[in-house]
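Inspection log for the structure reproduced underneath, given as structure tokens.
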Amino acid sequence: GPEERAFQEKIDAEIKIEPKNWMPENYRKTLIRQISQHAHSEIVGMLPEGNWVTRAPTLKRKLQLMAKIQDEAGHGLYLYSAMETLGADRDEEIEKLHSGRAKYSSIFNYPTLNWADMGAVGWLVDGAAIVNQVPLQRTSYGPYSRAMIRVCKEESFHQRQGYEILLHMMRHGNQAQKDMVQDAINRLWWPSLMMFGPSDADSPNSAQSLAWKIKRHTNDELRQRFIDQTIPQLEILGCTVPDPDLKWNEERGHYDFGAIQWDEFYEVLKGNGPCNRERIETRKNAIEGGAWVREAAIAHANKKQQQAAA
Amino acid sequence: MTNYDELTEFLLRLGDSALIQAQRLCEWTGRAPALEEEMGMMNVGLDLVGQARNWYEYAAERINDGTDADALAFRRDERAFRNLLLVEQPNGDFAVTMAKQFFYDAWQFHLLTLLKQASDERIAAIATKSLKEVTYHLRRSTQWVERLGDGTQESHERMEKAVDTVWRFTYELMEEGDTERALSASGILPSLATLPELWRSTVKHTLSNATLTLPEPASSFYLNARAGVHSEHLGTLLAEMQFLQRAYPDASW
Amino acid sequence: GPEERAFQEKIDAEIKIEPKNWMPENYRKTLIRQISQHAHSEIVGMLPEGNWVTRAPTLKRKLQLMAKIQDEAGHGLYLYSAMETLGADRDEEIEKLHSGRAKYSSIFNYPTLNWADMGAVGWLVDGAAIVNQVPLQRTSYGPYSRAMIRVCKEESFHQRQGYEILLHMMRHGNQAQKDMVQDAINRLWWPSLMMFGPSDADSPNSAQSLAWKIKRHTNDELRQRFIDQTIPQLEILGCTVPDPDLKWNEERGHYDFGAIQWDEFYEVLKGNGPCNRERIETRKNAIEGGAWVREAAIAHANKKQQQAAA
Amino acid sequence: MTNYDELTEFLLRLGDSALIQAQRLCEWTGRAPALEEEMGMMNVGLDLVGQARNWYEYAAERINDGTDADALAFRRDERAFRNLLLVEQPNGDFAVTMAKQFFYDAWQFHLLTLLKQASDERIAAIATKSLKEVTYHLRRSTQWVERLGDGTQESHERMEKAVDTVWRFTYELMEEGDTERALSASGILPSLATLPELWRSTVKHTLSNATLTLPEPASSFYLNARAGVHSEHLGTLLAEMQFLQRAYPDASW
């Protein structure tokens, strides 16, 4: 129809779509799914860090990690707000998360097993997230685009901080600490590459999302960009990644890399990852166990309102 | 153990209390009843770790034997910790957490207000900076105590029970210790003699707004944070918090 | 009456009273109260040790502490059984404990704050308990007497083990460990002396219990005996007790000692001790939280019985 | 980290599993549903710490770099622990604790029965001694699984849920690792190839008696105790268990 044509013309002209503008139902649904997944990921992503925030080794590192966790809660909040501008309901979307109908980034289903994981999560996981998200600052939906600008800024900070944790351990640490860093990279490398999603060939929704400028690059393009920018940093650390096929390809101007174990990715996605069950259980307990608190807050606000009206 | 002077003991009381309260807040990560409270608790916790660091740095300078803020936080054993008994108590439900937070915030608020006038400039400066943060903390925890106390029937009962659960540890907030009296007498600190009354008045006001019963003042009973005689909860908290510094004593992080 | 006379004659002749024998109602009640308090003390006494059994420093020390805890559970069992021969019900008596109507040894309301407490509890607390209990091996009620014989034997073992923990720390430990030992003694000394109960002058029930040979010595006699045997052991440790008035009295042939703070004793007895609340709450939660387990065991046994009968 | 040979790895798998299972039992102290179970759990725990010590002593002799059983228990970090994932899981309620105990006991029972035939005499001797204890453990946990499974409606539901909660960690009990295969091939150990079938058969029998559903065999998923890739629960358990050895590295206890 003419509305659809006008919509696509705006998109093509890089004019942002705003909440009150007409939009195709599928655009709305795709965005709700994408933004809510992103919001869920921020919240679930606090849990692997929560495992170490009580054991951070110095006051400085404790402050950094706490600030990062706080930022993630904040990102969750903006993103749920952006999502709500599309007419979705935060509680309903969270309920989908808890019942397994909504996804979140698979990486958070891996356990954090040593302190270097707090560095590697910042460097690799936030690093991969940023590569995914930088183009989303220019995504076609206005509120999402603006949320992304703020999120990216803070995540770049987290990424540098994470890298600095690792660099410090490699430069000033003892052998046990250096082993921790390499161990963390070994465990988190492949899951980080999986964060960009399946290869373009196996990513059926990508074409439409690209046309709508919800996505701006394919999964494989972003994955390559991440690898290309990360390997030089890895070399400065003096570490390796667990991929014997990784090497610079002069001709392509990119790093070649080995085959990703997509079986593992799909297993984790299906709920069979190492920590899926604990993550969802923790979140469900938080929200269900906190129902009485939220009810009290509402009851109290109502009382105050009635008193003010009387 | 190094023999700390009175001012050092006082600084550790402030630093340890802030750190342990923050550590309990960290335990809530990903478990709060709402996203806004994840942010709120982490925000308060961040302020408190920052305050702890300021107090510890000053204490370390005074001790002057090569120790530093991290060593004070992560290398002292239970019997050397000087934190209020209140803050080491387990989190319990959100009502217990808020009762602890509110009683602690009210104490910090009035104490820091008095300490702003300290003749020791370092203390006055840290107090002034911290008080800005604590003013917000107290507003937040006051609101929650009121919301939960005067919310639903369930929240009211939980909040009453929470106050009852931690109340007996509040005698420390009502007690001017010999250390404080000596520091005031020597002119380093202003008099803190009014602190118990100020604290009780704030608590009375808020509990009343929250439709909660104000208990009789708690009385002192054996446990004594000033002498490092803690409840059994502190030991396991420290085992977790200090793990890396203990397991890798020569490491730089 | 003649029954009462016959009863007292048996007592005077050191013949044990057995469950089926006639006994004065007050003798029965006094014994139920005393044995149940003793049983409760064994059970509550596991909790301060439970605080360190997860942190025992070596496999040997862990095994010792676990064995001690197991013995205490066992003592609780025999003692409740002895009590049941008097017609009392274990569940009812435990309910009295939980509701604050029954007492247990006040010492277990003090916290255990360092590893040396595990030694000092064995040496001082079990030591004081043994001094109290050795005469009870000859107590007039048969089942109680026999339970005491077994309990005393195991507790002597615990006492020696506790002392050995302290001796090892004093002889082979570093300064921090020696400080722990002195600290533990400082905290546990006075509460251990209080374990013998108020002075004879303030102990109204003692006379009757002595006549009935439920008790065989006064509180003050037993306290003096404990001090006299403990101070030489203290000197071997190279430690002190926090009592400036303690000194050998050549004339009396006993140690003199300072005034006991009975205020603290009565406060703790009233429920205002440092850990009363936690101790009772833990026990209540264990029994109430385990109700479904006990119900299941009964239901299962009934099913098996019915199947066997069918 | 010292490079352990295959037999050492195998000994640590046995020792660490016994120790961590015992540590979880210690957490129940004073909290069991009946006095008889206080005794029962502590009794099993004692046997297991004793077994752990035997395996560690042999491992320490093989490592032969001055380490000893205590150092293996209290000075290794999470990534060096080789215990089954099953035993590090939190206790949950009594049903979860019993599900863990039963699955572990059944594994130990059949494994030790096979190991009695080991050509390595030290292993055969420890296995023979341990098996007497474990035979009792298995009888006890089997009875409890049956009582709870075929008890009341509530206990049945809790027991079903408990099996479901820990089942995914049982894949390790069904898996003959490369280490074991190599040790069998070199004649040090007898073949352990039948262990999965033996374990599953015992579990099937008991769950059936207990009117509980036998799940499909669990499949392996990333976590891998053989490589020290544990769940997040082990780290805090070790922080507590190892505290004194970490905080006082030069102490003799």
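Letters A, B, C and D mark the chains as written, and numbering starts fresh at 1 in each.
Basically, a contact is a pair of C-beta atoms (placed from the backbone, for glycine too) under 8 Å apart; a residue touches a chain by one contact, two chains touch by 3 or more.
These are the chains along with the protein names UniProt gives them: B, D = Phenylacetate-CoA oxygenase subunit PaaI.
It should be emphasised that the depicted structure is a prediction, and the values quoted were computed from it without experimental measurement.
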Most widely separated chain from subunit C, with each centre as the mean of CA atoms = A
Centre-to-centre distance between subunit C and subunit B (centres being mean Cα positions), rounded to whole Å | 37
Which parts of subunit D, given as residue numbers and ranges, touch two or more other chains?
-> 77, 235-236, 239-240, 243
Junction residues of subunit A - those touching two or more other chains = 55, 176
Which two-chain combinations qualify as touching?
-> A-B, A-D, B-C, B-D, C-D
Which residues, counting only subunit A, touch subunit B once they are in their complex?
-> 43-44, 46-47, 49-50, 53-59, 61-63, 66-67, 69-70, 73-74, 76-77, 80, 115, 165, 168-169, 172-174, 176-177, 282-283, 285-287, 289-297, 299-301, 303
Of all residues in subunit A, those that touch subunit D in their complex | 48, 51, 55, 110-114, 176, 179, 183, 187, 264, 267, 272-275, 277-278
For the subunit D and subunit A complex, residues of the former touching the latter = 1, 77-79, 168, 219, 221-223, 229-232, 235-236, 239
Quick one: in the complex, what on subunit D touches subunit C?
-> 22-23, 26-27, 29-39, 42-43, 45-46, 49-50, 52-53, 56, 69-70, 73-74, 93-94, 146-148, 150-152, 154-155, 158, 240-241, 243-245, 248, 250-253
Interface residues, subunit B side, partner subunit D - complex | 77, 235-236, 239-240, 242-243, 246-247, 249
